[in-house]
Amino acid sequence: MARKSHVQTTINGETVEFLCESRQSLLEVLRDELHLTGAKEGCNNGNCGACSVILDGRLVNSCLVLGVETEGKSVETIEGLAEPDQLHPIQNAFLENAALQCGICTPGFIMSAKALLESNPNPTEHEIRYWLAGNLCRCTGYDKIVKAVMDVAKASA
Amino acid sequence: MPTPYFKKMPTVVIPPLMRKLTDGEENITIPGTTIREVISNLDDRYPGMKERLCEEYRLKPGIAVYINGLLTRGSILDRVDTDAEIHFLPAISGGVAAPPD
Amino acid sequence: MDEKKEYKVIGTRPIRHDGVDKVTGRALYGADVQMAGLLHGRVLRSPHAHARIISIDTSRAEAYPGVKGVVTAADLPEAEDRIADLGEGAVNLKYLCDNILASDKALYKGHAVAAVAATSPHIAEEACQLIDVEYEVLEPVLEVRQAMESDAPLLHDSIRTTSMGETADEPSNVASHIQHKLGDPDKGFEEADITVERDFVTGTVHQGYIEPHNATAQFNQDGHLTIWCSTQGAFTVREQVAEILQYPVSKIKVIPMEIGGGFGGKISVYIKPVAALLAKKTGKPVKVLMSRTDVFEGTGPTPASYIRVKMGATNDGKITAAEAYLAFEAGAYPGSPVGPGAMCIFAPYSIENVVIDGYDVVVNKPKTAPYRAPGAPNAAFGSESVLDEIAEKLGIDPLEIRLLNAAKEGDRRADGPVHPRIGFVETVEAAKSHPHYTAPNGKKHHGRGVASGYWFNIGLESSVTINVNADGTINLIEGSTDIGGTRSSIAMQAAEVLGIPAESVNPSVVDTNSVGYTAVTGGSRTTYATGYAAYEAAQDVKRQMIGRAAKLWEVEEANVQFADGVFSSINGKEEEISFRDLCSHLGQTGGPIVGSGTVNPGGAGGAYATHLVDVAVDEETGKVEILRYTAIQDAGRAIHPSYVEGQIQGGAVQGIGWALNEEYIYNDEGAMTNASFLDYRMPTCLDLPMIDAVIIEVPNPGHPYGVRGVGEVPIVPPLPAIANAIYDAIGVRMTELPMSPDRLLKAMGKI
Amino acid sequence: MQDFGYVAAKTVSEAVTLLDEKGQTARILAGGTDLIVQVREARRDVDLMIDIKSIPEVNVLDYNADTGLTLGAAVECYKVYAVDEICNAYPGLIDATKIIGGTAIQGRAGVGGNLCNASPAADCIPPLIVLNATAVIAGPNGERELPVEQFCTGPGQTALENGEMLVSMKIPAPASNSSSFYLRFIPRNEMDIAVVGAGASVTLDDAKQTIVSARISLGAVAPTPLFAEEASALLAGREVSDAAIDEAAAAAQAIARPISDMRGTAEQRTHLVGVLTRRALNGAIQRI
C-alpha cells in the first residue's frame, strides 16, 4: 500500500489537515478525503475546468495539482463562496440569468468567473470568453453564462 | 373472413416493404375495432401478415403502430375508430430506434 | 384550448427550484456518493477493435493487495438469445449483456472485458492491468459502406438483414432495411425541371456531456439491490439491470442522483450492472466511475453515416420528388437511429413523391446511443444542403423555397402519418423578417446560410404525485431526472392549475420505489409528458379541494368553483377561500390530500426550427468562424422561456461543434486517437457569438397548455445551415462532416 | 495512476542530487500540467516527483533593459505576462504564454516546463528560439548553458543529462527596431494543441525599410521545434516586401517534415507553415 503524507492547508479560510498519497490530486483529496464534492471531475486532465478552484489566489484545475503540493497553501472552493445568509453575486447572477442547465460545470464556471472578476472587474465580452475558454459547458451554448458574468461586472462598475 | 358489419372501416397503410404480401396494394380497408382484430382480419385476407407484425400478445419488437398519425405505445389492444388510419412503421421510442429482432 | 388565454405562471421566468443547490456545489451528482466501507470499481477494456476472447485470467488481479473482487462476463447470468422489452424499446438480451461485459468477442476498442473492486480507485486501476486476457485479433471494419460489402469481416454470425418482419438467409452486417414510400417518385422526377443529387458523409460524434458515467451499487443480504447513479431514466435503469442480471424489478431500487448532462447518452446502461455484480461479489457498496477516455471509447456516440439525397423541382421551385438513401453505423450491435433519420429527412416539406431507404449496419465501433434528435441532423445535412443548391440554381431565395414547399396541418409525411397543427411556416416567416436575415452581408469570404429541421418528439409514460401542505404549498413528486431545469417547467404547470406561485411548489425527483413509472428524460418529452402528468395531478388536487370547500361550506360540490387560486361558492352562500387558506383546513375536512396523475399521451406534436448563420472563412487556413447565429423554433408554449432559450442555444452550439470540428478519429487498427476533451474539440465559449434564440408559439393541440418538446430539434439545422453559409462564402459545397479546416483546404484546392 | 514519492526540494543541489541518485524515473515537478497527466495516463513511468517550486533560483523573474530577461524554470505563465516591461520586450514570448491551455492552466504551467516537456508542438519553444534564448542547466558537475534550439532532441526528449535540471532561461535584451511574434493554427480558438506553430523575430534598420536580421522557428512539423536557419538567413539585408517574406515562407516549408495525426494532416501542416510564417513575420514587423 502506498504511504500517505500528512498535509496541513487552509480551505475556505479554515485550517484543514489530511492524509493523502502523493498520487492523489487536490481534486481527489477535496472530494474523497474531505467530502467537498462541489468541484467536479469532467476529464481529469485539465481540459474541462469542472474542477476549477483557487489556489493561493490563482485559478487552477484541481485535477492537475497534487494534494501534497498544497502544504501551507490556501484553497478556495465553491463551498466557501456564499455567506451563511446570502449567495455570492456571481451565484445570484447565474440563477437570474438561467446560466445553468445540468449544473455539473457550474461550480467550475463560478470559481473561474470569480478569479476573472478579481483580476479584471470590468471585462469585455471577449475578455470573459477568453478567460472562460478553459471551462466547458455542453448544455447552455455559453450564452447565458457569459451574460451572467457581464451582469456581475456591470453591477460592480 | 367475417362479414363487415361496419358501414365505415379502418384503413391500413401497408409499409412498402410488406406490399409484396398485398400484391402491391398500399391502402387496405379492413374491419376491426382493435389493432389485434385489424391484424387478424388482414391476415385472413393476406396470409403471412400476422407473422410479420405480431408475436403472441404484442407487436413484434421493432414495429410501431400509429393511429391517425399518433404514436401509441404499440399495444395491439389499442382501439381504433371506424374511420381510423393505421400505419405500421419501424419502432422509434425514447429517441431510440429499437433494434430489429 | 384557448390560444389567447393569459397565464399567471406559465411564460414567466422564476428562479429554478434546484438553483441554489447547483450554484453552491451542494447538489449531489452520482460521483458525489460517499458512504462507509465504499469500494471503488474500475473496468478493463479491450485494446482491440475486433478480437475473439480466448481466455481471461483474473488470478493476479485478485491477489493484488486491496482488491476485493473481480468480475467478467462469466459472472453474468447466461443471456438468452431473446428480445427483452425494456419499455423504451426492445433489445436483444444477448447483445445487451455482451455490451456490458464482452463474452466471446470484443467488438470495439474500449469494449468492457472485466472489472475490479478495490479499496481505492488507484488500486482498482492497477489491478485491471494485472488481468491477463488472451485475444485472437480479427480484422475490424470501421466504415458503413465497407461493412455493407459482401466480403466485409462479419461482426456477428447471427445477424441477418430484416425488412419489416422478413429475415434474409445469409449473415450480414446489415441488420435491417426500412423503407418509406409516397406517391410515384419516378413520375415525380420526370416532372422536375431540375434535379440535384449528392452524397454526404458524416463522422461519429459524441454527446459530450461533462459528467462521466457513474454508478454506486449496494446488494443487501436480503437481496435488495440499490443503485445510485447518473441516468436519464431511473426506471429504464431498473428494467435494463433486471434483464441483464435476471433479477426481479421489485428488488431493485434505482436512486437517480443529479445528472451532469446526457443528451440521449445516459439511457443505455454500461457500468450500472457491473457495479451491481461487484457489490454482490464483495458484499460492500461499490462505486464505479468512468474516465473521460472510457466515456469516449466505451459509451454510445451517435453514428457516422453515408447519405445520398436526390431532389427534383420545377423551375418555379415546387419540389416534385425526393429520394434518400441512408446507411447508418449502429456500432457493435444493431440499433442505429436510421429510423428517426428516415422519418425526419423530408418532414419539413409537403412532397407528393418520396422514397426513403434506410439501413442499420454494424461496425467495430461502440454501440451507438441516442444523441439529441438521433439521426435527424445527419439526414438534414443531406436534404437541406440539396434544397439550398436547388434554390441557388433556380435563383430563388432559400427561405422562399422553404415556404413554397412547407408542410402544414393535414399534409402527409413520407412515412405515412398526417401532420397535426405544426409551426414550420411560422419559423420560416420569422426568419424572413428577422433583422439578421436583412442585415448586409457583403464582405469577402463571409457567407450566410439557412436551414430548417424537424423532430417528431415523443410522449410516453409519466407519473406525478402531489402532496398538499398545510401552508398552501405543494410537494410535487416526479420521476423525470432534471437535466435542464424541468423541475421548474413541470412545477409551473401544476402551479398554473392551482393558482399558486411557482415558488409554492417543491418539486422532487425521486427513486423508483417512490413514484409511478416514468419513462426517460429524452425524446423532448419531459416538459410535455411529465408536465402533462403534473397538470393531471394538480387537477386531481383541485377536484379534491373543491370537495373540501364544499364540506367546509356545507354546499354541493357542483356549487363550488375555482378560479385564480380562489374557491368560491356559486350558489346559496357567498363564500370565498383561497387555495392557501383552504390548505389549513385539510385536517378537519377529511385529512391530507394527495393528488396523482399518470399519462401516456400520443400527441407530442412535432417541433420545427429554422436557423440563420453568418460565417467567415479564412481562405488560407480553412478555418470557419461563426459570426452571428439566430435560431428560431416553435416551442408550442414556452413554460419557462429562459430554459427554452437555453435548450435552443445549447442545441445550436452542439450542432456548431458537430458541423465544424467534432468527430471520432480512428487509426487503421480501429483505435480512436482523440479520446479526450483536448482533441475531440467541442466548442468553447471563445468559439461562439451570442446565440439569438427566437421562440415561436404555435400551441400543440395535444397538450393542455400547448407544450411541444423543445430539446432536440435545435441540433438539426446547424449542420446544413453552416454548410450552406460556407458555400455562400467561398462557393464550395461541403458534403463531409465535420467541415474541419483540413477538409476546407482540400475542398478549396489549397492542399 | 502508479504510486510515486514526492519531495519538495529546497535547493538546486538537493534536486540535482536526487535526480542523480534516482535516474530516469525521477522527474522534476513544476506546474505539473503535462507531467501529472502523463503519469495518470501511464505514458511516463515515474517513481519520484521532485517539486522545485520552493527553490529560489527557479522562481527568478528578472528583466533588465541592458542584460535582458532571466526567467526561472518554474515561473508560471501568468506571472510572465503580468510584467509590462517583459510584454514590451518579448511580445512573441507573451503570445505563447497567453495561449497555453486556458487561464487555469496558465496559473500553473510555465515556460520552463513547456521547454522541458519537449513537445514538438510546444508553444513557448519557437518564441524562445527566435529570441535567442539559452537554457541554464544545473547538474552534478555544475552549471552549463545551451542555446534553446539545441535543447530538444526528440518528442519528449531533451539534452538534459542524468542528474541535470533546467534552472532558468536567459533571453538577451531586444535590439532596437526589433520585435517578435508567435502564432499557432488550431481549429478552435483556445484549449488546443498547435497543428502548426510559427515564431518570428525581426530587426529592421533605423528607416524601418530593410531587414537587418530575422529568426524564424516552427512548431509541430518535426520531432522537435525547428529553427528555420536558411529561411531566417535569406531575409537579412532584404527590403521589407511581400516577395522577401514569401521566399522565407517557402524556405520554411522546405524544412518542414510533418506527420499526419489526429490534430492535422501532413499536407495541411506543410501548407500552414507557409501561411503562418508569413503571418508571424508580418506580425513581428508590424509591432516594430
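Chains: A, B, C and D, in written order; residue numbering restarts at 1 for each.
Convention: a contact is a pair of C-beta atoms (placed from the backbone, for glycine too) under 8 Å apart; a residue touches a chain by one contact, two chains touch by 3 or more.
Small disclaimer: the values here were computed from a predicted structure and weren't measured.
*Asks:* For which chain is the distance between its Cα centroid and the global protein Cα centroid smallest?
*Replies:* Taking the mean of C-alpha atoms per chain, the most central one is C.
*Asks:* With contacts defined as at the top, give the pair, B-C or C-D, that has more of them.
*Replies:* Contact tally favours B-C.
*Asks:* At what distance in angstrom does the C-alpha mean of subunit C lie from that of subunit A?
*Replies:* 29
*Asks:* Between subunit C and subunit D, tell me the centre distance in angstrom, where each centre is the average of that chain's C-alpha atoms.
*Replies:* 44
*Asks:* Provide the C-alpha centroid distance between subunit A and subunit B, rounded to the nearest whole angstrom.
*Replies:* 56
*Asks:* Enumerate the residues of subunit D that touch no fewer than two other chains.
*Replies:* Where subunit D meets two or more other chains at a single residue, that happens at 1-3, 102, 189-191.
*Asks:* Residues of subunit C that contact two or more other chains, please.
*Replies:* Residue numbers touching two or more other chains: 122, 678, 684, 686.
*Asks:* Chain pairs that touch, all of them, please.
*Replies:* A-C, A-D, B-C, C-D
*Asks:* What does subunit C use to touch subunit D in their complex?
*Replies:* 122, 125-126, 620-623, 660-661, 665, 673-674, 678-679, 681, 683-684, 686-687, 740-742, 745, 750-751
*Asks:* Flag every residue of subunit A that touches subunit C in the complex, lowest number first.
*Replies:* Residues in contact with subunit C: 1-2, 21, 23-24, 28, 31-32, 35-45, 47-48, 50, 77-79, 81-82, 87, 91, 94-98, 100-107, 110, 128-130, 132-147.
*Asks:* Hey, which residues of subunit B end up touching subunit C in the complex?
*Replies:* Per the touch definition, subunit B meets subunit C at residues 13, 15-18, 51-53, 58, 60-63, 66-73, 85, 87-101.
*Asks:* For subunit D, which residues count as touching subunit C in their complex?
*Replies:* 1-3, 102, 185, 187-193, 195, 261-265, 267-268, 270-272, 275
*Asks:* Report the residues of subunit C in contact with subunit B in the complex, numbered from low to high.
*Replies:* Those in contact with subunit B are residues 83, 85, 88-92, 95, 162-166, 175-181, 233, 236, 264, 267, 330, 333-340, 342-343, 355, 358, 360, 370, 372-375, 415-420, 456, 458-461, 519-520, 522-524, 600, 602-604, 702, 712.
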